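Just below is one structure, and these are the notes that go with it.
Going in written order, the chains are labelled A, B and C, and every chain counts its residues from 1.
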Amino acid sequence: MSRQRTKKDMANDTDQSVASYSRRKFLKGLGTVTAAAGCTAGTKSAWAGATLKDAMGDFFQDHYQRMTPEEIADALARIERKALRKFGREITCTNTPPLAGVVFGYALNISKCKGYRDCVSACVRENNLGRGGQMEYIRVVELEKGRRDLENADHYYDHDLVPQEGKEYMPMQCMQCEDPPCVKACPVDATWMEPDGIVVVDYNWCIGCRYCMTACPYSARHFNWSEPLVPPDELNPDTHYLGNRPRMKGVVEKCHFCIHRTRQGLQPACQEACPTGARVFGNLLDPDSEIRYILENKTVFRLKEELGTEPKFWYYTD
Amino acid sequence: MSLLRFMGDGVRSMMRGGPLYHGWLLLLVALIAVGGWYYALQLREGLIITGMSDQVSWGFYIANFTFMVGIAAAAVLLVIPAYLFHREDVKQVVLLGEAMAVAAVITAILLVVVDLARPDRFWHIIPFIGRFNLPLSMLAWDVVVLYGYLFLNLLIPFYILYRHYRGLDAPVRSYFPFVVLTIFWAISIHTVTAFLFSANSGRPFWHTALLGPRFIASAFVSGPALIIISLLLIRNFWNYSVKPAVIDMLAVILMFALYINLFFIGAELFTDFYNETSHASSIRYLYFGLQGYDGLVPWIWTAMGLNLVAVFMLSFERLRANRVTLVLSCMLCFTGIWIEKGMGFVIPGFIPTPLGEIFEFVPTFPEVMITVACWAVGAMIFTLLARAAVAVEQGEIRAVVESQQ
Amino acid sequence: MTAPLSVSLTSKSIKTCLESVRLKYRNQFLFILQMLFIAPALSATGDGASLQTEKLPFTVESRKHRFDYVPCDDCHDGVEVIPEVLEMMADMDDMHDMEVRHGNADLQCNNCHMLEKGGSLHTLSGKTVDLDRAYRVCAQCHSREFQDWQYGAHGKRMKRWRGGRVVLNCTGCHDPHNETGLEPRAPMGPPGVRQRLERQQHRHRHGRKPWERSE
């Protein structure tokens, strides 16, 4: 169920699916909201907070894929209320569905990557990542020319100028595998692959066992060892339930191809931030897309291809 | 109802003992209290109080969990001789082995629970109410087999002891199918735990077919070592009859298992180091250090030394017969396996990370104390269950015979 | 995010002398005028690009209106500078403050620029190329990059991943006059480490190149 995105310019998207008005708004307007566990009745005064009711609603919240539209609407409203309480900011949390006929793919030109790490910091800001720790979805490593083994990669390079002589740079993030080992590993099905190819996490369902992190061959999944700290004034208020809405301690998160942006036709934040044009993103099912041109015409490779995970993140060279 | 009386008498018997016994229980309670205090801290602040990181996302808790499941599985080494080979002397102590299995399984489950960052969401893993990823998730399978094993090892002893409490026989044929099930289940709990690790194709240190056999072999070292020590203590303190032949049998099994385990380790070392690929980075880190990081090197070599000395001592019948040297050997190899299968197994799987980064792990004090508390819970459960079992078997507690029985 | 390496770097002080306002307004007017002729202008060129008879399937952002040194014949008469302008510029040594350094190629201004015709570019065969279509000139030598750029493997896509594609001209990122890559700059900081844990010091890593044999 989607919401009208009045903030975003959708004029160019001729094939954008018709945004239906949220049933939640309708119900809220009527003042009658049915709740899963009978805990969120009477949320007319939603913004006033109802912390106990929200806590109960949170506790009894079902798995995302099993919730009815009403329950999802309640969950979204709870998240928005919680953000208001915690950050003093009003946010919108949607669950924009996948676009029809779209499977996302990403290509990165490592001849062009200069190691600026603009992608890393743009992602942190766009996706409300906790600051002060190690929570970064993208990791750029510096490799020696002549070898590309990750054993000798430098993750913590900190030069005055990049690119350095004799070095290459390779950013890595969640590969959104077609056969994801993390999805198999999760004991509670808190992570799965959406129809548009994005591997998502239901942060309200994750029990924090971290088996998915063990299973991931790309170190792409990250954990909130404590409550994530996001400065309220830097909070991005446009959020998606399966993406960048504020998370909590004890759950796993990872790159989700900026699901709140890409399902609206916008570029992921890392692609937008990259000044060299090294990053290309698009629909693998569209034969005229840039990503398809790259896959069909350039020299491409994927990391750890021999593991059979079928990543949807390719690297290519000039 | 006599069932209630049985349980009441059982619990009462658990409280009876000398000052040493009560001192032991008090010590365990103290350890549990300290750990519990730190666990409350962990619930408040999150797993950040531990030494784990994104790079090493499983640490001391899971290391001890892995070891504990092995102890639990080893009860089968008493079950098989008792019921399949009809060894009456072993049958006398098999209940104690099952008590140890129960204690070990509960400790293992407890260690997983403390490792969970969101125990408030425990209901997500209950089948049907939550969402259980069977048959794909090995962790889901682990939950199933551990709880099943717990149930089996409570069911059979409970039945036997209840019958004995009422002065009745517990004919084997009435529960023999469960015994057979327990035997296979014991192997399965530790195989599933091994599969938990070996399923990860992105972690070459664990991604080996040999892991299941290695786990069973090392479990059959650490388990009997602990059983031998426990049986000797029980014989000594509670005058419970433990035939020397039982101890001898366990010691021989231990020795063979230790030889097999060392052979497996040798096979791994050869395979990894003969033509060394990047798949061997973790084992190089463990045994020799990698790029200057060598935190686990002294530990693993100590473990090797302990195991080699133990297997040497166990090879001599005279040293096995001498209970002092036997207990020493058991303590040595128990510690050696704990190192080699705990920290020496779980941690190197994360170093280096799949992206080649080396980030070492050191458990923090709260993390260690919470683990110690889990061990203390296990020790207490074993102590109490063994105490009650001994009370029934020695005739200390009996149901009052009712006229209408 | 791009480095606009246009010639306006040192222009600010010169503008006041050169009736900058007039120039700018005139450029804007010319820009709008030329936009009306984009389609026929494109189809008129025949320099071998595959887009020669088709309308571009994507939009190239214009940057011509940001230039200060066009049209060239405001100050130039051929390669010579008009004497009146030269007097105004007595205290400046080089107007454009640059020399042409285009990789290893031996180029001078009029290899690409037509000093007449309002500051257009030209192909090797003499066809006029508008400044906002500079890629036609670049494509003559850099045909591989040009093809990649056409289909999206080279250069940055602006705005959205679907819908109308908007890209930059070659000169939007590359300075054709002055070592055409992007400038090295400081990177954003290294990754953090989990709170309450110390960053682990880098010990020794062998810096041996694969082609260096060990002793």
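Going forward, a residue touches a chain if its C-beta (ideal position, glycine included) is under 8 Å from a C-beta of that chain, and two chains touch if they have at least 3 such contacts.
Just so it is clear, the structure is predicted and the values come from calculations on it, not from any experiment.
Across the two interfaces under comparison, A-C and B-C, the one joined by more C-beta contacts turns out to be A-C.
Every chain gets a centre from its CA atoms, and the centre nearest the mean of all protein CA atoms is that of A.
One simple way to say how far apart two chains are is to compare their mean CA positions; for chain A and chain B this gives 40 Å. Averaged Cα coordinates give chain A a centre that lies 34 Å from the centre of chain C. Remark: chain B and chain C have CA centroids separated by 69 Å (rounded to whole angstrom). Residues of chain B in contact with two or more other chains: 48, 53-54.
Counting partner chains per residue, chain A has residues 134, 139, 152, 155, 225-226 touching two or more of them.
For chain C, the set of residues touching two or more other chains reads 193-195, 205. Contact residues on chain C toward chain B in their complex (touch as defined above): 193-197, 200, 203-205. For chain C in complex with chain A, the residues that touch the partner chain are 1-3, 145, 148, 151-157, 159-165, 173, 182, 184-195, 199, 202, 205-206, 209-211.
By the touch criterion stated above, chain A contacts chain C in their complex at residues 12-14, 107, 109, 114-118, 120-121, 132-136, 139, 144, 146-147, 152, 155-163, 225-226, 262, 265-268, 271, 273-277, 280-283, 289-291, 293-294, 297-298, 316, 318.
Listing the residues of chain B that touch chain A in their complex gives 45-48, 52-55, 57-58, 112, 115-122, 124-125, 130-133, 136-140, 143, 196, 199-203, 278, 281, 349-350, 352-357.
Within the complex formed with chain B, the residues of chain A that make contact are 59, 63, 66, 134, 139, 141, 149-153, 155, 172, 181, 184-190, 205-211, 213-219, 222-227, 249-251, 304, 307-308.
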